[in-house]
Amino acid sequence: MNIIAILGSLRKASFNRMLLNAAIELAPAEMSIEIADISQFPLYNQDVENTGAPDAVKRLQEQIRSADGVLFVTPEYNYSMSGVLKNAIDWASRPPKENPFNGKPCAMMSASTSVLGGARAQYHLRQSCVFINLIPMNKPEVIVMKAMEKFDADSKLIDEATRKVVATFMQSFKEWIIRIGK
Amino acid sequence: MNIIAILGSLRKASFNRMLLNAAIELAPAEMSIEIADISQFPLYNQDVENTGAPDAVKRLQEQIRSADGVLFVTPEYNYSMSGVLKNAIDWASRPPKENPFNGKPCAMMSASTSVLGGARAQYHLRQSCVFINLIPMNKPEVIVMKAMEKFDADSKLIDEATRKVVATFMQSFKEWIIRIGK
Amino acid sequence: MNIIAILGSLRKASFNRMLLNAAIELAPAEMSIEIADISQFPLYNQDVENTGAPDAVKRLQEQIRSADGVLFVTPEYNYSMSGVLKNAIDWASRPPKENPFNGKPCAMMSASTSVLGGARAQYHLRQSCVFINLIPMNKPEVIVMKAMEKFDADSKLIDEATRKVVATFMQSFKEWIIRIGK
Amino acid sequence: MNIIAILGSLRKASFNRMLLNAAIELAPAEMSIEIADISQFPLYNQDVENTGAPDAVKRLQEQIRSADGVLFVTPEYNYSMSGVLKNAIDWASRPPKENPFNGKPCAMMSASTSVLGGARAQYHLRQSCVFINLIPMNKPEVIVMKAMEKFDADSKLIDEATRKVVATFMQSFKEWIIRIGK
């Protein structure tokens, strides 16, 4: 079971990156999770697209195409998903080939130092899923609040309750992928 | 009355760009509208920010700071605002100085070749406004549908009904800026 | 295949009612569609719930429980779903038994005399689906604009393009129910 | 300065009611706050409206018309505002006279036993404000989480940090009303 993970923060010490690493650690054994490299994406521009998408974009499109599911990990910036993540989705969803997201199962997580933990970003992302026809898992929702209290100095998720919900989330995602199939 | 306009599409022949040009043409005489150049913004990355924001970002922050109002013109990509626009907002809202949007009046328009005209992008943008404390005008909403039928080969807005609503929108925006003040 | 349809308008000559009737007419033969009666629901009040839910609510809960899928038909009032529909969902999702929506496939349609056709209501309803764990079909979206031009004096859907998309929608809903199963 | 408060929960021991009472207690002296009675509203039905709106609706419309601002206090049910509140808005916004909300300042609060405190309800309510042309205050946002820990057995708000934010909120609302004027 191949998962492509798309991380909406480029910061090295991002809590969302730490959360993604925890998800990889806690995932069921049969899941293989690859992290997309979206750091080299230019800003989306249809004029550029018309002369051929950048290689980094084509690479992500192929990764999505060959994945059984898509895992989003997104910070919440300004009460929505990050522009970084949205830009990656805007590029990846474009021609020349069919939208690679089409019909695939997905799931999403977020971490934040605030008390709302990124929830608002997720509902915007869910609306984008309607258009690109990703099928998002509903539950459990992983919204890690006050993230600075949940990870240790080695970037490891140490909060036991959060570890448990992330493990359940990944197990549920496995079952969701099987259920949705393709 | 100084307006900074932020355009969420980088495409040269963008209908949103044409719409912005029409808005400039139809604006009340006392409005001076400058278009931000966000094409050189890197993807937002806090590690980069910590070493100093790029000059293009600092420039936009200053433009917003000295503006009386902010005018967004955004395409709708994947049922939300463009990643390009969101990335510009993510950068502009950041330190070292106070969030430059804070307390300013704003308005938003969109154009699309689809029948929904970009409406979904606008409601997401409005949610971001809550956080960055921009005060969006409610009405009239400018949502230009089937844009390919509204502009001519010289990129000029020729649809009379749309010209009228854009003129009313700009007049209302002027009154909104006066009402909201700062 | 049993479908429970929940209609968010109580008006007799509602375009959403006409649209639901068209959906019933155009549905695949194996679908049996029952229309919930939510007209007698009181306003939701937990104090009332604690003394026992009204019979009309219990009836809907049982209808949902025995259905293979849920079909929402909602007007857009004030840029969201109708209070009438939301109130029905608020009641139906409550104890004493488990939330009857849990894990079921759903789909949604709307009609409106406006040009946006109720789209904004649907994205709010989709957010409620996350909590009550309904699994909404993404596509096709049925958003019937300028409804007064699409139905005849006998309340029959006569616009051929709309008839076609409604038929495709119901066929897709059938396939969605099979795919999601339970 | 007259405020009409609309409470989205009908439950006697509602945390949102307690929050509203705290807001009244902590409001600036010059604010007079009346609580609307929406408990007798029927479900919205245009056929009923056409024979004349119920007296309770007409009363609310007059209260809104003579108010300087509108204060919403809403629970979050199923990741949106309550059907009870939405139904009240749907009725109040209707003819025969002009929409009474038109152009008035508003503010919103919510309380919840959950960790997200009703935030999701507020962003949906803000979208409705665009249509009915209410002008919502952005900040501070009052989102009272884990409400059962914040009020005492006499329904009094005892959490000091929350009391402070509610007092600031009401003071800011006063300033917002003066700023927006009408």
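The letters A, B, C and D name the chains in turn, as written, and every chain counts its residues from 1.
Definition applied: a contact is a pair of C-beta atoms (placed from the backbone, for glycine too) under 8 Å apart; a residue touches a chain by one contact, two chains touch by 3 or more.
Owing to the predicted nature of the structure, the values given are computational and were not obtained by experimental measurement.
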Number of hops, subunit B to subunit C, where each hop joins two touching chains: 1
Farthest-lying chain, centroid of Cα atoms versus that of subunit B: C
Pair in C-D, B-D or B-C that repeats A-D, with over half of contact pairs matching by residue number: B-C
Euclidean distance of C-alpha centroids - subunit A vs subunit C, Å: 30
Centre-to-centre distance between subunit B and subunit A (centres being mean Cα positions), rounded to whole Å: 28
Junction residues of subunit B - those touching two or more other chains: 79, 120, 123, 127, 130
Touching residues on subunit B, where the partner in the complex is subunit D: 123, 126-127, 129-130, 133, 135, 138-139, 141, 179-181
Of subunit C, residues touching subunit D in the complex: 9-12, 14, 38-39, 41, 43-47, 77-90, 93, 120, 124, 127-128, 130-132
Residue ranges of subunit C in contact with subunit B within the complex: 79, 115-116, 119-120, 123, 143, 145
